[in-house]
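Chains here go by letter, A, B, C, D, E and F, matching the order in which they are written, and residues are numbered from 1 within each.
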């Protein structure tokens, strides 16, 4: 028995703004700095999704990557690409779109769309120098 | 005599929207698709600036890269980073912020801030798969 | 007037073998070494296509990248991806599939499919450490 | 006491084909699509091998990377580079060469060639967007 | 409750030499080869620092990346950048500057400068093909 | 007739120091800053060498990359890798080792070792963000 971890990387770009509506504008400017710009800013996000399990004896696959790509597109990429995370993305409504919160939200978009127990990690790169990982813990 | 081409790469991120106000909303949606999203989208831009010339016999430099970095920051990065190209960037007012037009505008921001004849190329990556180059021609 | 150079990068993978049928097997083994393996080997190719021209005053585009992508897919990627360059690709029949010859062949696949005078460069990466460029000269 | 994880990356390229000989041609085409091409396709594989342990007080090394490189070359790279995984690689005979199965097979090629307990992870990139990890579990 | 892992990447370059002063010159040359060059050699190091915890409900941050950057600069980058690890870096005195030992030393520079329990991983790339990870175990 | 440009990338690491011995220590510190550190610093250099010409009808090659690799190793890499550019590299004696001067010196090491007229460009990356190009002009 061998547990193999399979990762697929995808790309999308989006606008967002870090702003906590329960706090004053002054607090938001002090805490979020340029990320609080009311006119938005944006990123090329890179998303890595890892699913884990035993390779099928028939196909050698933990998961068919074409199927994983379809699920990632339907659940995340098609909704977020060229969108405004604060205004356009239903699953981010009411959530402060930090990379941390966005990764957790992406996990919840994917975990039930994948076979039970398969999803083990989400890695989300906001820039080539900053990324977060969420493992459902 | 040796002409050497020196390139420095910098990073910034910004929001933008492709929209031609002299055309109808319908035309804009048809031509620009998702890039016309009224709620904006964004990118991590990578900017490469090339200056060319003979290395100084005293320093071995075509240009001091610390000086080039200062000029790039003052003329471009500090103004564009975490900004909205359509709303926040004075040198992009009235210009459709395609990567092509943005690169030409960056050239004009830099050419007079650098010693005469030095600037030879601007390369601007909008995503890892799309980039433009402008050589002042 | 400003001439801007726009590049789009695409990915495909393929098998190939370097073998000159007009020469002996011994000559081929001596000249091409492991690249002459009769059981084939393969690569993840990265293709960069550059088109040049003045940005349109209406769109800011030299070329609509969605259109360029469609042309690249139809003329090159859909034919070469997951294919054997020696056996499966009609436009490579009778051509020794070195990276050099492959890049020239890709140029000829694209030059007439693009608006006149637009295509200015093909760059083809066979590995992250080896690439060729062809500019139609 | 400090456990440090040391990773070395290596490159090779190979041809392969996904085909399960116990199933019909029709089944194989339906399941594997383009990856079932009877004329093969190929990849530039990137292999990361991680060994873990306490750094030696005398050398500061968990393992001498020159020694690790020699073992990786002898056990994997020299056999797989410019080869056909289905036809040329003895340790892949009878194994469907999915990235998953290939990574597990590479683990078994390396685990006994390295000091006991040292090997902790194999990561294998089939393309820049798809990779698998196997940790011997 | 969600534990998210946040990573920031930084860059610096330095000279070093692998040499164990308690051993003979002959031993050092045999063990360290070119890395023992008495005239030094150097690297562009890439450092990844991972901190883990629950995102704050107010900011969405596990840690403010600007604060993490300030701590990384003060504790590591400002001291090591353009420096000689053997001669110039106080926290490396008496330590053989292998990548393994350097990563462990960086951990100890950061663990007490960060909020308790936050630091979970140091990854240090000596070259694009060699890196180590230390998780405080 | 088709002129194709073939590029091979190689890696080495080295220590160096920017210091003009005809100037005062004060001048050197003011001009070169941290790069003047008397205890050296270092880099992972990436070198790209481009040779241009018509592909051979017999081999499809502008140049056999194995031959180019051998020449690059003999003329540059074996001499510079894990070396001190100021002290250990004969072809850099008396030359201020800026990236500019180093690239020009590498050109002169290669131009006569390659078939006449073949060498058309040297690109030298000192860091992922700074590189120079020299085309023999």
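As a convention for this text, a contact is a pair of C-beta atoms (placed from the backbone, for glycine too) under 8 Å apart; a residue touches a chain by one contact, two chains touch by 3 or more.
Quantities reported herein were computed from a predicted structural model and do not represent experimental measurements.
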For chain B and chain D, the touch-path distance in steps comes out at 2
Across the interface between the identical copies chain A and chain E, with over half of residue numbers shared counting as same and under half as different, the residues used are different
At the largest C-alpha centroid distance from chain C we find chain E
Between chain B and chain E, the Cα-mean centres are separated in Å by 34
Chain C and chain E have mean C-alpha positions lying a whole-number Å distance apart equal to 41
Cα centroid separation, chain C vs chain D, in Å, comes to 28
Residue numbers in chain D touching two or more further chains are 128-129
Per the touch criterion, the pairs are A-B, A-D, A-E, B-C, B-F, C-D, C-F, D-E, E-F
Per the touch rule, the chain E residues reaching chain D in their complex are 18, 20, 23, 31-33, 95-101, 103-104, 128-135, 137
As the complex stands, chain C meets chain D at residues 11, 13-16, 34-35, 37, 39-44, 81-84, 87-88, 127-129
The answer for chain F against chain C in the complex is residues 2-10, 50, 55, 58-62, 64-66
